[in-house]
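The letters A, B, C and D name the chains in turn, as written, and every chain counts its residues from 1.
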């Protein structure tokens, strides 16, 4: 058989190799609401970071804030925050920020 | 902002490796499954090999063509072949003297239904691997069909609520108890509201797998399939524990131990009211569910109190 | 080529006898093919086994339709209507029976060896396993194979005391078989 | 090189399969009891208990598991063996497709048995035929010695870096599984040497802890087509490889089987019988008889059903006046034998000569000497221009 097209995989069978291609979804774009952390109220207990399903709360030394590249906006952080320091704010309110996300 | 306000929970200290998953992976927003996997990779580390199947976790665990969503080695197989494929791996690694943590990661449909035969077989043979079943009480990946762990009364697409039928008529199969009855080195239940409990059980599993088969049953509410808000999964987990709907326990070779006791269990209605799949239940039906919760817990309690009589 | 058909019941060792005989033939430089025909393996159910021997490699893989020799391990099977079907003229019969043959049971029969293999087996082996005794009788009656080869073939399947008992049973079969000619 | 003479033992076909596997030093062995193959697992367990076989023995709870276990073990880098028959084969079918798709070089012995009901405890190749499109290499053998030798060759083929495919060694249940014959058992060191080239080739991709490689990615669109393309290409390569390995085996051990097909007295033959499995032995005898009567007839023994030996068969059958195929199974929806149907696809290559399908030997029916004589007579008549019936169910049709 003559192979006319370059194979996309160097492997003979169905292997994936994270060193070659680690996939990542733009889950930040899934969000309809955004967690906004009130730094003053945050007592750095870490529960938001612990329960965050994508584990995307960034530890900013004395408070936590979501990595908006990946945050899906589920709201678990806000619900689990014992001090109510996280508000879920509709993304529409940040529409003018555009590509800044 | 001048003083450190609080010390981070101890749980953070258990993380020994980075999250092995890409930042963005295809789990529904608010799904505790994502949390389970990310914590697992942080706690067990990158030497872990994952074995799993078509399921909610598949689009994340098992790559897409030549690409992958994480850095853990994995072996994807059919629902009928998880525990057996893991057996093949651990047996070969044992033959060549390699210490490996093989973790099967499947849903309840695989573990309790179509993949039960090899699961029970591997447990009976006491194979050296960890089997984690995340129990979302049905076939969520294919669109919310009932499985044998779907609870009494729950509405699913194959046990719909209508004039002639009101959800699932039968009770759920108690898979963790069945697995404990294999008298394997370690069986435990866990859920994401009680993370330290889960992590300790993972670490214990990693040690116990040298003795043989380990099974962890993770209660994992499905925001979409159960009809709960995307921010409420952890709350639902917690309420399942507080009502004794899903007690936290472990069993070592059939010796039971409750790892978390609830002083005053809440009525099961406090749990069911959070979940749409139970919304149609009448008072009688809820009473039956409560009765099931009570009797399951009583049974478990007896097991935990049970002492093997000394030989004469 | 010589073709032998064994008739027995599950548990009496017909299949094993056919195999041990095959081993004995191979020890004498013959080519053999031996196989049983049964579905489920059930104690007491009738079993048929075949053994072919030849000086050259045996190609055919069919059942035996025209045996040169019948080995009947269970005397009750003498009543089987099809027992002698296909037996070649000048055929040979090896029979485990406590009683002597009264008459020629088939016109094609030229030679018969009758031995009370069950009794011998019970006395020597301690159980009703007449197969090895009949092999001794077969060696004496047909002359196709030496007793020594049969005895050495037993070693493939038995050892220790059980081997010694079976050897005695085989030797008695060789000595005590009553040979009839027609 | 020629090796020392092996030990001669009178063993059954099942034991021969077990000996073949044991000599190849598998890392993992898993098999589940099913008549008439059960003895393979028993024999391997015996080898293990006696300290002759240093393998991980998995006492599985079903055939699906034996296949999954052995496939996973090979993809972790090991050598694995399993055996089954009939319903057992069907019960592992999903895992078989996966093993082939993952390119897991498992070697499996399959004692061919019928499948229509659980009481069909009888010989027939329908089980193998039902796995035709599984992507496996399907080898069919004729006698106990060939079972043993083919299992050894199967490992050479399966684990060849150019091939990386699961290989099934098929032998007729009952007729061969329980047939005791004198078999030469090669010395283990000689088998080691025969398999040694596998160690010199580049290592296959394998699952290694800590290495971010994943096995069995889902596969969609063109990347998936690539996998299939590579799989098909490997099966094509397997044909020549089968011939080469067989030749090398012959030089090593003094026994060879012709590779993809064995030709017997075909060179000057005018008509040819195509058969496989134990029936080929009987056919060879009948060919000799017919030859002695002056009939120019030859035999082709099909040794591999997948990949189908298209080129070798075309070469062997070119110029023949008629061909008769004996099948021990049926091709549903075509009302003919499966091997016959495949052969018909070669008509444009061979030439449009009479081709006849003979179905015989289902469910322990004997493919007897008179049956094969009848096949030869009917094929001869067709070669002489007489009208002929395309498909004949031998025991049912006069």
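Simple rule for what comes next: a contact is a pair of C-beta atoms (placed from the backbone, for glycine too) under 8 Å apart; a residue touches a chain by one contact, two chains touch by 3 or more.
What you see is a predicted model; the values in this text were computed from it and never measured.
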{"item": "Chain pair with more C-beta contacts, B-D versus C-D", "value": "B-D"}
{"item": "Central chain of the complex, centres being mean CA coordinates", "value": "D"}
{"item": "Chain centre separation (chain C, chain D; CA means) in Å", "value": "34"}
{"item": "Averaged-CA centre spacing for the pair chain C and chain B, given as whole angstrom", "value": "62"}
{"item": "Centroid spacing, where centroids are CA-atom means, of chain B and chain D in whole angstrom", "value": "44"}
{"item": "Where chain A and chain D are represented by their mean Cα positions, the distance between them in whole Å", "value": "53"}
{"item": "Residue numbers of chain D (touch at least two other chains)", "value": "212-217, 219, 223"}
{"item": "Residues of chain A engaged with two or more neighbouring chains", "value": "8-9, 11, 14-18"}
{"item": "Per-residue overlap in chain C, given as positions that touch at least 2 other chains", "value": "none"}
{"item": "Residues of chain D defined as touching chain B within the complex", "value": "27-28, 30, 55-56, 58-62, 64-73, 75-78, 80, 94-95, 98, 207-221, 223-224"}
{"item": "Chain A-touching residues of chain D, taken from the complex the two chains share", "value": "101-103, 164, 205, 212-217, 219, 222-223, 226-227, 229-230, 233-234, 236"}
{"item": "Chain A - residues contacting chain D, complex", "value": "1, 7-9, 11-19"}
{"item": "Chain B residues within the chain D interface of the complex", "value": "46-49, 51, 58, 62-68, 70-78, 80-81, 83-89, 91-96, 98, 100-101, 117-118, 120-121, 124-125"}
{"item": "Touching residues (chain side chain B, partner chain A) in the complex", "value": "1, 4-6, 8-9, 11-12, 19, 22-27, 29-35, 38-39, 42, 63-71, 192, 195, 223, 229-235"}
